Every structure is written in structure tokens, then in C-alpha cells.
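You will see two complexes here that share chain A, one where it goes with chain B and one where it goes with chain C.
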Partner chain A sequence: MNEILTQLSDCIEFGKINMASPYPPQMKGQEGADELTAKALAEGINPQDVLTLGLMPGMERIGLKFRENKVFVPQVLMSAKAMSTAMLHLKPHFLSGAAKQKGTFIIGTVLGDLHDIGKNLVSMMVEGSGYKVIDLGTDVGSDKFIAALKDHPGAVVGLSALLTTTMVNMQAITKEIKDAMPGTLITIGGAPVNEDFCNKIGADSYSADPQGVVEFLNRKLAS
Partner chain B sequence: MVKEFAFGFKELVIDHKLMAGVMGYENGQLPPPFDEYMETALQEAATLNDIRASYLLIDNSRIDKGRKVLYARENEFNIGNAVCNELNGAERFAFYVCTAGKTISDKSVSMLKGEDPVLGYVYDILGSAIAEAAGDKMQLFLKNEVGKAGEKTTNRYSPGYCQWSVGDQHKLFSLFGEAPCGVSLTQSALMQPVKSISGVIGIGKNVEFREYQCSLCFSENCVYRRIRGI
Partner chain C sequence: MNGLKILEQAFRLEKTERAPWVPFVGVHGGQLIGVDAETYLKSSKNIVDGISRAVELYKPDGIPVAFDLQIEAEILGCKIVWSKENPPAVVSHPLSEGVLLSSLRIPGKTDGRIPVVLEAAAELRKKYPELGLYGLITGPFTLALHLLGTEIFMKMFEDPDYVHEVMVFCSLVGKKHSEMLLDAGCDIIAVVDPMTSQIDPLSFETFVTPYVSSIFDAVRERGKYSSFFVCGHAQQNIEVMCDCRPDNISIDENIPLDFVKEIALSKKISFGGNLKLTVVLLMGDADDVKRDALACLDLGGDTGFILAPGCDLPMQTPVENIQAVSEIVFDRYLQDYTRNLDKKESKLDIMNMRDYGQSDKVIVDIITLDSESCAPCQYMVEAVKRVAPHFEGVVEWREHPIKKMEAVSFMSSLMVKNIPTICIDGKIAFVSQIPPQSQLIEAIQKRINEKLKLKIKSKRSEILILGESEQECRDITKRVKRAIAELGKSTGVSVITDKEQMTAFGVKKGPAVIMVNYKLKSEVVVPSLEVVKEWIKEVG
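The block that comes next holds the complex of A and B.
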């Protein structure tokens, strides 16, 4: 495989943003995701390959390491930052259709809840895995989810909640979304949520970590 | 009787090892560059002036051990079995609310969304540690106060932990009347600013202070449980 793409994967996995960034120490002074993405595109590498073969494998590796407790939130945020820097170069290619994302994921923290770190991690990881992410923020009711679904038909919805009092709102939101937009897939997560609750409220998937969402999306949207 | 405190950041004992542990670094050491991020956040935190704590002593309160209920004024708190056991022997209770304040809560959210998510996350962790440290300081003050008359205090226990429903926050806040420490409660029982804690401490001649035990709680995947190696 192309050397630049391999280097790019490493930059995402290890959170190397650009040349100036001193992190990670072992890559100090080297080119980062910023320079290498620009270089890859300038060399004529297909934008789709930059995303699929360069950036995404790096994101997958960091997601798996996070699941296995080999890396922690700060490192994942560094990787996410490297990823978003690279994505800026790819944006025009998404718009022109030269590169395609695998599908759309709409995420929000449910009505009444303001917690967003967990949700942000999920959205960064999903974006880095090749999906378009619409992040509706916190305190989101079914009307906003439904409006976003109308703009992005076929998107999968992610609901996050950190309190048992707001977790119950997932039930009504799930029902209202499914009534308004039958067939919509809904995945849920957050500290108090579990598989049983997911089954009880009729959502389609529960995951304890962002990688689980990516795997669910890959099964449902990308296969 | 409500007692309110305004704490300066420097007066608080922040558990740096715990913060590193919560961030994943179980040896208590943040590797570069995260140690520098933390340094930046700590320096900024030194200027915070909205860290508050407040407690309300209620004398005519009691626990019904059979029903696992704590009665305080006209409220019934369904505290559940574990908290009931921990408060055993208490003759009166202090309800409390503590906050790291709006400044750090807002700063964390805006950084996380925008310019520097890593710094935003570090502020988030520090904000939680400040809320807990304000709780520690308030608790120490209370312990010394009631200690003068030979009374002892239990550890502090919060709605939302063990079997105590987070919905009981509404009753707790109604005891205070006005928003204690400027903290308000949303309909869904969420405190604002986000970096706030609430709960109850048992007081009496025969109560015991027990360190918080993860085994009381049902959260299997909790970071604190992992750090404590339980």
C-alpha cells in the first residue's frame, strides 16, 4: 500500500495533528495528518482512498484500543483532532462527490440532559470511521431528531443519556421517531443504559462504547 | 439553618492522582502533553470565584429502617437499603449542595465543542474534582462543628447513587427554598451548573464514618471502580 497512506493511518492512530504539534513525543518533528493529507491529494491519490485506506484504519485502531483500555479519552481526542484536520482537506471532495461517506448518523443527548462528553466521543469516532455526522447537541427532543431525519432520509439515530431520569425520555423519543419515520434504526448509550433497557424501549442497538456504534453502523449501512 | 460557603480554589484539596486515574492513567501520572494541559487548567482555576457549598441542618428528621425512608420536614426520601444502612444511627441530617460554579462548567463545554477538545476535557475532569473537593471541605467544616457537642458525621450520600432515585433531587432542593449556591434544578432533576453535587450526611453520637465503597453501587463499568481495582 502507498507509503503516505500508511503514515496517515499512524498519524490518526497516534494523534499527530501537524508538523508543529509536539504530540506524540515519538513523532516530534515529523509531518502530521494535516500535511500528509494535503500531500496525498496533491500527488493525485484518490480522495476516497485517502479516507478509506489512510484515515479510517487509524481511527479503527484507536477505537479498538480505547475499548480495550489501552488508550484513554485524551488520546482519543488527539486522534479526533488529527482526523478533523485531515477532513478539512477532504471536504471539497465530499461536496464534489469524488469521495463518499458511508452513510449519515444523527446523534444527540436526549431531552432534559446536558451531558455531552460521551456523545462527543461517539460522534468523533463515527465521523472518523467514514460517516457523515449530524450532531444535534444536548437537550434534544423527538421533533429535532425527526426534522434532521427528514433532511437526511435513511440516517441512523444515536441517543445518549447519563441520568436515569433522562434515560426514560429515550423511550418516548424512540417511539415518536419510529412512528414518524418507520424503519429508522436507533442506537442508544450512556452510563445508566443497558441492553435490557434497549430491548424494552424498542431501540435497535445498545453499545457501551463508540466502537460498538461504528460496528453497528458498518453492519447496517455499509454492508 | 442554612450555612453557605464561598471557597477559593487554593483552599481546596484537589486529588491530582484521582484526576489522572479518572482520565485513564492509573499510576496517577499524566504523560505529556496532558500534564501541561492540566497545568494550564489549574492555573486558570486559581482565578475561579464561584465555587460554593451549602448545607441545611434538619433536626426533626428520622429514618424508617423498615420502609428505607428518610423523613425530613414534609418530605419522604426513598433512600434505599444501602444508604439506609450507611446512615444508621443518625439523629439528624445535613442536606447539602456544592458547585464548582458556572465558570468552569461553561468553559469546559465551550472548549470541548470548539477550539481545544483536549483542554475542554481536562476542564471537565477538573470541574468534577472541584465539586467533590468543595464537598470535602464543607463536610470537614460540618464534622468539626457538630464535633464540638460530641456528635459525629457519616460520609456523604447522593440521590442517584445506590437505589436512591435521582428524582428525589426535587425534594432535596425544595428543602432549601431558594437555589442553594446559585444551583438550579431542571425538570429532569439535573443540576445547573453541571459540575455540582448534592446529598445528605447523617449526624449523631452513634454514627460511623465509612469510606465510600464501590460495592454499594451497581455500576459495573464505572471509572472509579476501575481505578480502585475493585
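The block that comes next holds the complex of A and C.
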């Protein structure tokens, strides 16, 4: 594989944003995701390859490390920041159709709940895995999800709840989305939520970590 | 004995006559007196009424005055949004919106809602002199996160000096707040720092340890006790939390109590938790609660353990569920009764697994939630599926998705606690982590080798010679014995001349030779019926 893309995937995995970034210490003074993405495109590497062979493998590796408790939120956020810096170079190519995203994911924290760390992590990981992400923010009711689904037919919906009292709102929102847009896939997550609850409310998937959401999307959208 | 005394015994790791019990009543107190969260947390009278009601209903040894981690943040300029059933939520982070750290002042007695809590603490102190009063402060890392937002995580790498400055400020806020709470009559300071569950031990030691330790030290200098509350998946940090030298650490159901007990006691620190907040206290019934509480009590023991829910009780937690905890805490008879009830119920389900894995094949069991919907389970099943063909027919694997009842009893019979888990011949081999192919192969091969050794050891055979008379058998017996001698074997030879026995072996006319292979199938133990059936199937 192309040397630049290998370096790029390392930058994503270890959260090296650009040359000026002091983190991680072992990559100090080296080019980061910012410079390497620009360089790859300038050398004529296909933007699709930059995404799927450079950025995504790095994101997947950090996602797996997160699942295995080898790294925690701060390290993942650094990777996500490196990712989004690289994405700035790629966005024009997506818009022009020169590169394709794998599908669309609509995410929000449910009505009554204002927590966003978990939701943001998922949204960054999913974006970093090649999906278009529509982030509706926190305190989101079913009407907003349905409106977004109308704009993006076939998108998968992700619901997050961090409180025991708001997790119950997931049930109503899931039902209302499924009634309005039958066939919509809904994946849920958040500290108080588990597999049993997911089955009970009729959602399609529960993930304990962001990588689980990516895997669910890969199974459902990208295959 | 009064509540405070028994709590202090637990803090000092002295043996207690029973585990002290501390229900974390926060906005749930509002529910008890019929007001919403905002009305409750903004009035010292409501807090006093709510806690008084909780004291009557739940007979606690200790109780927090108020469970609200937004008090300091609100004073320091974070916008908060109130809701009816939850403590308020922080929605803005001044330090990430251009406010300078140097412009922030440490909150004092008259700022924000601090006086509400101080008044409530003083009033409750007067009313309940023997109750252990917990004064809660926002842990410095959680407060820093309120002030800075999630940017703090990246700043830890990009601008560590700044994060240290923010942490210094937050720990000074915490120290001042705990002094005020102690002055108002609190006995114990709980530093509640749930956001630390999001970071790794090294970051914890760098950015949290020095600051929380200074708060615990200050509390100790005043001759009072401290507790470190962390909710969430903080298992990785239990050890570094203990190293901050609080008097107690309190955790929720995300961390196994026995794990915390082992570490805390080895560091000479008391520990508490971890009644299941949602699935049991909020959504279960009184019997579920009693069982869960008993499991905590049995695991926690009588030295240094404080029974508490994992975190702030949800507002609508049924009163009878929390009362069920208090019933079981004070009633030893009820404890025994529940324990026996449990045994009786589970006896039926638990299979005898002592002889499991005695068949010739190596059995690999994968206990999963359901490999279709649980990704780690799916990977684990796939890992086994990939490896099984390496052992051509010697290895048999089965998935046990615990959505089915049989699988649940199978799981508890093998004493499996986590999902997914791989067992090889009934022994737990891999828990949660999906083993690399090489490791899995190695583990199976090891078991095959063990079995092979057992087989070689137990191989024994005998040759039976059947005839109507000794005479008839003589020549053949001679020849057989010679053959055995020439091969240097120790095979036994028996001559049978009994006609009935001959017929039983299906021999009509002698002389006849029958080879018998003996195989040791079990030793010392009485094998279960199922196991014997498996053996019989083998011989056809």
C-alpha cells in the first residue's frame, strides 16, 4: 500500500492532527493528518482511497482499542480531531461526487436529555468510518428525527440517552419513527441502556461502544 | 448503635455488627414530598422535609444532604437547564466561550444555591444528631469538565499546563466547599467525580490524583471522613483512586463489587456500593431488590463495607424497593430466608458439571447473548468456528445464547459471569476478549493433550477365552499367552468355561476368543446420568 496512506492511518490511530501538534510525543515534529491528506491528494491519490485506505483503518484500530479498554475517551477524541482535520480536505470531493460515503446516519440524544459526550463520540467514529452523519444535537424529539429522515431516506437512526429517566423516551421515539417511516433501522446506546431494553422497545440494535455502531452500519448499509 | 458510629467503624475498617446503609437520596426526596426536582433543590425546607421522610422510610445510617453536582458550576457561570425529574444539566462551558480562568472566583457561603444546602445540613444536623450526614462536592475533574466542556480531553494533550491550572482552581473550589459543608455539620465529604471514568489511569494520575488528594487530606486534617464516588465504567481507575487516600470509595454496578473489595482492602480503604440502580431498584420488584441487596451484603462482608446504590437514586424509584433494602439490612432472619430461597430456586437449574468434558471429543462452549445481535459474541463464535476445522472432528462447539432459559442455567452451572465467554470442556477459557486464533488453538490443543495422557494411562485390556472345558481352551490359551509375552504386554487372560456365560457372550461353540478393552471413564466421583448416557452412545 501507498506509504503516505500508511502514515496517514497511523496519524488517525494515534491522534496526530498536524505538524504543530505536540501529541503524541513519539510523533513530535512529524507531518500530521492535515499535511498528509493534502499531500496524498496533491500526488493524485484517489480521494476514495484516501478515505477507505488511509483514514478508515486508523479509525477502526482506535475504535477497537477503545472497546478493549486500551485507550479512553481523550485518545479517541484526538483521533477524531485528526480525522475531521483530514475530512476538511476530502469534503469538496464528496460534494463533487468524486468520492462516495457509505450511507447516512442520523444521531441525537433523546428528548429531555442534554448529555452529548457519548453521542459526539459515536458521531465522530461513524463519520470517521466513511458515513455521512447528521447530528441533531441533544434534547431531540421524534418530529426532528422524522424530518431528517424525510431529507435523507434510508438513513439509519441512532438514539442516545444517559439518564434512567430519559431512556424511557427512547421507547416513544422509536415507536413514532417506526410508525412514520416503516423500515427505518434504529440503534440505541448510552449508560443506562442495554440489550434487553433494546429488545423491549423494538429498536434494532444496541451497542455498548461506538465501534459497535459502526459494525452495525457496516452490516446493514455497506454490504 | 447509631448510624454515624457504625459508618465510622466501617471507614476505620473495624468489624461492624452489620453493613451500614446509605441510600443516595437526591431528587428522589422531592418525589417523597410531592415536588419536582427544581422546587426541591432550590429550597432548604424542601430538602429537610424530603430527607426527613427518607429517614423515616428507609432507616439509613447515613444520607447525603443534597445530590446535585451543578451547584458549583452554576455559580461559576455555567448555564444550567432544569427538568422536573432530574437534577439540572450543565449546558454551557464558560472557559470554552472566552471567559478567562483568572476571572473566576472561588464560591463562598452566600453564593448560588450553596446557602440552601448549608441551611439544610445545619437543620438536619440538629434534627438527627446520630445520622451520618454526607456533604457532596463536585469532584475537580467533573467540575473542570463543566467549565471547559469536552475540550478538556484534548487540552490534556495539547495544553497540559492549562488543564493543570484549571484543576488547581477546581480543587480549591472543592476544598472551600467541603470546609463550608463540614462547618454546617456534615460528617463525611463525598467527592463525586464521575467524569474520571472516561480517562485512563495514567491521565488520572497526572490530572486528577494531586488535586483530589489535597481535598481528602484537608478533610482528614479536620478529623472527618471522606469518600470518593465514581459512577460508570471506572474499573481501570480503582487502584489509582485508592492511591488518592480517601477513607472510602463508592462505585456503581458497572464495576464488580468483589473486584473493588479486593483492591480497596489491600490498600486499607473502605468501600461501598453497588445496588443495581436501574434494572433492579428502578424497574425491579421488592424481591429482586432483596436478592440484589443480599448479594451485595454477602460479597461486601462486615469489615469496611457500606451498602449503597451505585449513584443518585432516580426520582421515581419505588419507595417499597428502597424499603426492601432497609428491611434486609436490619433483619438477619430475612437474609437467611432470602439466601435459602435463592438456593432452593437455583438448585433445580444448576446442572452437575463435575463430569462435564469427559467424552472423547473436546467440547467448546460459547456462552453469548446471541451472536446475531451482539457483535463481540458474533466475533467470538466466528473465532471458534474458524478454529474448529483445524482439529478435524475432535473438537465440537456449541453456542449457548442466554436469551434461552436452558442456556442461562448452563451458564450458571459453569459459573460463567461474563458474556461472551468460551469454555473448553466445561472450564472457563476466554472471558469477554476474543482470543487470537493462535491462542485459541493452543488452548484446545492443551486440552487434547491432557485427555490423551489420561487415555494412555487408563488403557487396559483383557482377552477372554471361552470353551466348554479347560481342555478345549488349553492350546489357544497357551498361544495367546505366548503372543502377549513376545509383545512384552501385560494384557490379562481369563478362561471361561461356564456354559451360561458363554451364551451370554453370544458364543455357541468353543473355543472362542473375545478381546475386551477397558477404558477408565471416571474415578472417585459418581458420574451423572447424562454423562453415562454419553459414554453408552460411544460404545453403540
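Quick note on the criterion: the second predicted complex is superposed on the first by the 223 of 223 C-alpha atoms of A that agree within 3 Å, B and C clash if a C-alpha of one lies under 4 Å from a C-alpha of the other, contacts with A are read in each partner's own complex, and residues count from 1 in each chain.
We adopt the following convention: contacts are C-beta pairs under 8 Å (C-beta built on N, C-alpha and C of every residue); 3 or more make two chains touch, one makes a residue touch a chain.
As the structure is a prediction and not an experimental result, all values here were calculated from the model.
Superpose on chain A as described above, then tell me if chain B and chain C fit or clash.
clash
A:N169 contacts which: chain B (first), chain C (second), both, neither?
In the superposed model, A:N169 contacts chain B only, not chain C.
Given the touch rule stated above, what does A:K81 touch, chain B (first), chain C (second), both, or neither?
After superposition on chain A, A:K81 lies in contact with both partners, chain B and chain C.
State whether A:E68 touches chain B only (first), chain C only (second), both chains, or neither.
In the superposed model, A:E68 contacts chain C only, not chain B.
For A:G212, using the defined touch cut-off, is the partner it touches chain B, chain C, both, or neither? Pick first, second, both or neither.
The second partner, chain C, only.
On the superposed three-chain arrangement, identify whether chain B or chain C touches more chain A residues.
Of chain B and chain C, the partner in contact with more residues of chain A is C.
Between chain B and chain C, whom does A:A98 touch in the aligned arrangement: first, second, both, or neither?
Neither partner.
Do any residues of chain A touch both chain B and chain C, and if so, which are they?
22-23, 69, 71-74, 77-78, 81, 112, 114-117, 120, 163-166, 191
Which chain A residues qualify as touching chain C in the complex?
Those residues of chain A that touch chain C are 15, 21-24, 67-69, 71-75, 77-78, 81, 112, 114-117, 120, 163-167, 191-192, 194-196, 205-207, 212, 215-216.
Per the contact definition, I'd like the list of chain B residues that touch chain A in the complex.
The contact residues of chain B facing chain A are 23-25, 32-34, 37, 109, 112-113, 117-118, 121-122, 124, 160, 165-167, 186-190, 192, 194, 219, 221-222, 226.
Chain A touches which residues of chain C in the complex?
Those in contact with chain A are residues 81, 83, 85-86, 89, 91, 150, 153-154, 156-158, 198-200, 203, 232, 235-236, 277-279, 282, 314-316, 369, 373-376, 433.
Under the definition above, what is the set of chain A residues touching chain B in their complex?
22-23, 25, 69, 71-74, 77-78, 80-81, 111-117, 120, 163-166, 169, 191, 208
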